[in-house]
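I've put the structures underneath this note.
Each of the next two complexes has subunit A plus one more chain, namely subunit B in the first and subunit C in the second.
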Partner chain A sequence: MSRFIIQRLLSSMVVIVIIITMSLWITRQAPSNPCLKEREANTCVCVKEHALDRPVFPLHVGSPLQEMKGCEFWQPASSMSVGPVTLIGLSDWGNTQFAIYMKTLMQGSLGKSMVTERTVLESLKSGLPYTVHLGTQALLLAMLIGIPAGLYAGLRQNTASDYSVMTVAMLGVSVPSFVLGPLLIMLFSLELGWFRAVGWESWSDSVLPTVTLGLYYAAYIARLTRGGMLEVIRKDYIRTARAKGLTEKLVVYRHALKGALLPVVSYLGPAFAALLTGSVVVEEIFNLPGVGTHFVRSALNRDYNMVLGTIILYSSLLVVLNLVVDILYTLLDPRVSYDK
Partner chain B sequence: MFGPLSTIPRRAICLMLVAACAVSLGACKKSGGEAPAKGGEAAEFVAGSNATVFTFALSADPQTLDPAKMSGSPEGRIAFNLFEGLLMPGPTTEGLSKPEELVVPGVAESYEISEDGTVYTFKLRENAKWSNGELVVAEDFVRSWKRVLTPNFPGDYAQILWVIKGGEAYAKGSDDWDSVGVKAIDAHTLEVTLEHPTPYFPELVAFYTFFPTPAAAIEEHGDAWTRPGNIVTNGPYKLTSYKEQQEMMLDINEHYWDQENVALKRARVRIISDINAVVNAYRTGELHWSGAGLPVAQITGLLAHPDYFKEPMLGTYYYRVNVSDANSPLANPKVRQALALSIDRESLIDETLNGLYTKAESYVPPGMPGYETKTTTSYNVQKARELLSEAGFAEGKGFPRVSLLYNTDENHKLVAESVQDMWKRNLGLDVELVNKEWKTYLQDVSSVQYDIARAGWIGDYNDPMTFLDMFVTDNGNNNTGWSHAEYDQLIASAQAESDTQKRIEMLQEAEKILMEEGPVIPIYYYTNNMLVSRFVEGFKQHNRDIHLLKYLKLPGLAQ
Partner chain C sequence: MVRDTKSNNRAVEAEIIEGTSLWKDAGQRLRKNRAAMAGLFIVGFMAVMALSYEVIAKYVTGFTLEEQHPYVVPKPPGARSVPATYYKLLEPSGALSFEAVDTNGDGMIEAREIQAAYRQMEFSTIDKNGDGVLDYEEYAAAPLAMKSPGEFVPKCEQWANIRRSMAPIRHPDIFKCDAGEAGTITIEQSGRLVDILSIGEARDLINRFDKSGDSMLDAGEYVGLPKPRTNLLGTDQLGRDLLTRMVYGARISLAVGLLATLVSFLIGVSWGATAGFVGGKVDNIMMRIVDIMYGLPFMFLVILLMVVFGQNIFLLFIALGAVQWLTMARIVRGQVISLKGQEFVEAARTIGVSNLSIIFKHLIPNALGPIIVYATLTVPAVMLEEAFLSFLGLGVQAPQTSWGALASEGRQLMEIAPWLIVFPGLALAVTLLSMNFLGDGLRDALDPQLRKD
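Let's look at the complex of A and B:
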């Protein structure tokens, strides 16, 4: 087991390094750059030599900074984090932006935002608790609603109750959060005044965002659980259990449940990751101070360091959560084993 | 088919479904029916009813709180309350006739101007203090301005200090500070020598790039000097806390010289980026002031509300034309004129934009004390058609398909679609709409890779120069490839002219050339639409959207 975990961790590192490399390259390929503002501004300076402590990007032809002709590369004028001229290269390996970025990363830094005066780590640290809180709560809500509903429907296959539950679930899957969120605000904040419409200062402020975010997953989990139950309930070992004369309750709880929940468990990892990374819209609607907002805004601002920072955070979350699910699998299904 | 087990839950579920449908239908019906009748019911929400301190919304986290580096409106909103320049913007720009009335004394209690208009002597008040209790002295301004003029200083507005004699040379690396026209005669006298007579210099001095910054704190903390705990300010307020993406708290600076006349001792700044969320927060009583413009989609419902506040802005929404390609018909001034004349601005604003803005028939917006535009580009299809056929494209025949670029925004899209339609109907021209994301749009515009592009310009001060000097040949904000020797000459002479009347005439002449020959098609003048609690006193129109908290009162508030 521990060998499996170590193997997986190592391969995850490789995955993350590949992600960093790709992201470094892609962000620099995106048109425009962090220096470009609506009015001409001297936020960037020309660099001719390898300045090791600042990110550099090629000047796009005819930018408003053309005054200093003959300049190939630009960097923000204030002291910001790392990156020499070459992005990725073989000849001067130690001096590529990639190598420098990895070095800073090893030192536990993600560099400085190229738009605000904060470090990337600071911004992510301030946002992550909210995103994780929201994601966890939404997942719990999804399971609390989804699993019972799915079991209920699964045990009554093709009855009217099954159809009704699944119809509601279908609705839940179909309503996007940018519709549900404003609807909830309209009803519970503006009409009834039960919750605040924006911001996050106390727990009650998290209720509407949690429902908005979690309902889709509740519906999906209900469908998965129902499917799992339908499959398991026809299995031989269930028939054996029934033949032993066990009550229907015992059959369901002791024997069928574990198997029925397997698809749900394997879905939980990606679902949690999706909840953490996918709360962008909900954060925007309710004006929550989470990470999602940084992710979107930094991409729009071409804040290279911040984009990279959030990508690293998200991809690490994804990799770790998938690993956790694989481990959970062995606990639920004795047939699954990672030891040879 | 149905076992006994399922009967009861089935009924229960059906009931629940019916209830759910009823609730959702009810909610929809209610909101749908409510919208048109909003005027009558609108007063039901009371601004700030759930807030204990004066609270307003800020549209984004400021990129920096360093007044020397900043640009942009959320930054300015905070800086004007934390810092104080030699002079400060007055409470209103409404009904002013002279440019001098735009500013009120700040750190300087008085100032004198030399006969030729190039030397300003500011007398600093002796009780002006930083929030740490230290005196604000003339040397603070010298140091702060020297910092902004340091070569490669990352200040977006650093060039605005080039009006100071020798400032440009120093910023370009002359290393000769002694010849720069800023001198501290004594602790409370500052003498500033300008490159040219600059009638709008008092308003510049009241702009944040000219505000003093605390040298000791910057020395000690570097870039982090603007954090709460490190920051030292000299304005009416100090920054007590700041939670990114959430809120800032501003508290009265007890060392501020005029603090007993400041009614609001505390203010809470809520950072809310989504404009619909701002309106929601306002409706639920969490804000006294929406702080920024309102969403066009919701505006009709808010127009009749007693808290609705509208002010004209010193800004123009216009279309830029790329004239750099000599083979394009757009290089012909007659074609550009035809395009400008064939836009029915009145119906565009009334029908498409809910009447929110004012039609623009010239580039320089009205409302600047002491300046009146002498040109108009009004709707005239007849003349537009004539001009187009003179240019060789009668009824649009042979005119190549040109593109109209705008950045992603519902408003820009609406305007572009109407204009596209008007050009098709009136001139027979086919225009293709191109929508690009903000930064990509900026790149296309700044590298002059477009045919026609949407643009907006908000004046930095109340003088036509802020609108006109950008179209001088090779100006970094020109971005159209337009170059006109006479225009350049007029702007240069106006800059050097000390006679106010002559200067104004030169600028009027320059604007006329810009409208007749130039690459500019004005569409509308901006207005600022906000919600402000009707119980707030002292909130007046300001054409640069500068509303200082020190002028405001809110009777009945705990704080």
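Let's look at the complex of A and C:
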């Protein structure tokens, strides 16, 4: 088991390095950069040999400024940020901006925002509690609604109650959160005035975002649980359990439930990824100061350091959560073992 | 008689011998599934709408994607605007005769007079009982009368100051402010309740018919006025017709869904089929790559791509397709592995068919059922992702629009114009629901073993 965990951790590191490299590489291909924005032009200088603690931007034909056209590379005048990778100077690997970014990362820094004066880490730290709170609550809500609904439908297969639960679940996976969210706001904040429409100050402010984010997963989990239950309830060991005279309650809760929940557990990995993505939209709708909002704002502002930092945070979270799910899986299903 | 019985027997025999093919069988099962058929019908309807945007704009809605009617905006469903491109002229007679429109009698029609003519036209539509004045019922039923934003009802002095800049509020007190002693309001008092044409639009209208270049119409140039048309689903804050934009949005949303699915289909099928067919180490490495990629937060990389390379629609569907192929690859690999040990593949190999032909001519066609099912379910997933990106402002860009982009615009005005988010959201939800039902139905029909009942 411990060997499996170590192996997984190592391969996770590889995944994260791949992500960082890809993201750095993509940002270096940018046809637009902070030096191209007119108002920031005077903060950039023309360089022949670029300072390595800052990003460097190659000349672009689309530059709005005449004087920028005579120069091959532009760089922000102050070292306001650790730059994205440059593939120039690959022969001198230790001095590429990729290497510098990784070194800074090792020191526990994600660089400075290219737009605001805060460091990336500060922004992420301020946003993470909201995102984690929202995500956890939404997942809990999804499981609390989804699993009972799925079991209910699965145990009453092909009855009217099965069909109605599954139709509602289908509706749940079809209504996008950015439609559901505003509808909930219109109904519960603007019409009924039960909750505030935006912001996050007390727990009641988290109700609408949680419902918006969680309902989709509740519907999905209900579908998975129903499917799992239908598969398990026909297995021989269930027949055996019934044959030895156990009550239906015991059969379902002690024997069938574990097996029925397997698909749900294996869905949790992708669900975490989707929850993180989904929370970007929900934070945006409800104007919550979470990581997702930082991500969208920085993406729209072309604040690449901030974007990179957020992507690194999200990938690390995902990798860790996926590992947890895999371990959880062995606990539920004795047939799966990571020891050879 | 004898021969008849014989031929009957033969017919019966033929019926027994002639089995139904997998596809025919699946088709029959699908037709029995009412939810799936309803889904198919709705998806088909949306597809027809998307394909015939130009025709619909011309003959049904009467507005084009970009034409703006910015006077009293956003207009609620049922309000009217004067189309700028696809218009029908009203006969220049009666209330619209040259003399009647030229109210100051100088032999020229100016923009103000055109505006006044439409005001008169609109007033007589709202004035249901035709007594020349509006009572509260008629006033409140006017399409442009606005629901009060929140609980806010201005006092009469306040209303007098703002009534020139906004549509009348549907409220008895406000009505009394305008009506005064008489209890009814005349056309002069009705303000923006009856204005469907801005002075700028009136000028544009004149320039369209003006041959002499004096920005006025004389009796010879005047051929009548364009007939106002109803904005069935209202307009946005620029006065653009929502229904027209939604029909166009259907085109973009569906196109992105289909093309991205096609991209994911091509990558996933090639990858999965190769891994499954070659097997061994290659399979191991290829599927390990898929496993690793499963853990990547792809949406964020797509967002990064959209940010860095600008919001290019081709990049959008390639990027979305490129993140959706993983499950497809797994499904295809599983199918290919289970098929490749079967006799027909061995037979093909014995007669010397090349590996590539075996994969594409023998294995993939036989694995087509699950592939089609998964592809059907990928389309709504991709559409949702496109809408999600557009909602964040990172998807399709103006002048193009999609349902997600429309919903995003609508969210800004949610409080005063709920229809702007409700209708595009509804269109998206209904389409996704139909596609999901269709996909589920196809799965049940094509693969009865997979069926969970």
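In this section, the second predicted complex is superposed on the first by the 321 of 340 C-alpha atoms of A that agree within 3 Å, B and C clash if a C-alpha of one lies under 4 Å from a C-alpha of the other, contacts with A are read in each partner's own complex, and residues count from 1 in each chain.
The working rule: a contact is a pair of C-beta atoms (placed from the backbone, for glycine too) under 8 Å apart; a residue touches a chain by one contact, two chains touch by 3 or more.
Bear in mind the structure is a predicted one, so any value in this text is a computation, not a measurement.
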Quiz item: Now for A:Thr131: first (subunit B), second (subunit C), both, or neither, which partner does it touch?
Solution: neither
Quiz item: Is A:Thr210 contacted by the first partner subunit B, the second partner subunit C, both or neither?
Solution: neither
Exercise. Would you sort A:Arg118 into first (subunit B), second (subunit C), both or neither based on which partner it touches?
Key: first
Quiz item: After superposition on the shared chain, which partner residues are touched by A:Ile26: those of subunit B (first), subunit C (second), both, or neither?
Solution: second
Exercise. Kindly classify A:Leu300 by the partners it touches after superposition: subunit B alone (first), subunit C alone (second), both, or neither?
Key: both
Quiz item: Of the partners subunit B and subunit C, which touch A:Arg196 in the superposed model: first, second, both, neither?
Solution: first
Quiz item: Touch check for A:Ser266: first (subunit B), second (subunit C), both, or neither?
Solution: neither
Exercise. Could you say whether A:Val173 touches subunit B, subunit C, both of them, or neither, answering first, second, both or neither?
Key: second
Exercise. Identify the partner contact of A:Leu183: answer first if only subunit B is touched, second if only subunit C is, both if each is, neither if none is.
Key: both
Exercise. Under the contact definition given at the top, report the residues of subunit A touching subunit B in one complex and subunit C in the other.
Key: 31-32, 182-183, 185-186, 190, 284-285, 300, 302
Quiz item: What residues of subunit B sit close enough to touch subunit A in their complex?
Solution: 1-3, 5-6, 9-10, 13-14, 17, 20, 24, 27, 30-31, 50, 61, 63-64, 66, 69, 71, 152-159, 223-224, 226, 243-246, 270, 272-274, 276-278, 280-281, 283-284, 286, 437-440, 442-443, 446-449, 475-477, 479
Practice problem: Sort out for me which residues of subunit A touch subunit B in the complex. | Solution: 31-33, 36-43, 45, 60-64, 67, 76-79, 115-118, 122-123, 126-127, 152, 156, 159-161, 164-165, 167-168, 182-183, 185-187, 189-191, 193, 196-200, 284-287, 289, 293, 300-302
Quiz item: In the complex of these two chains, what residues of subunit A are touching subunit C?
Solution: 11-12, 14-15, 18-19, 22-23, 26-27, 29-32, 157-158, 170-171, 173-176, 178-179, 182-183, 185-186, 190, 226-227, 230-231, 269-270, 273, 276-277, 280-281, 284-285, 295-296, 299-300, 302, 307, 310-311, 314-315, 318-319, 322
Practice problem: Enumerate the contact residues on subunit C facing subunit A in the complex. | Solution: 150, 292, 294-297, 299-301, 303-305, 307-310, 380, 384, 387-388, 391-394, 404, 407-408, 410-411, 414-415, 418, 421-422, 425-426, 428-429, 432-433, 436-437, 440, 452-453
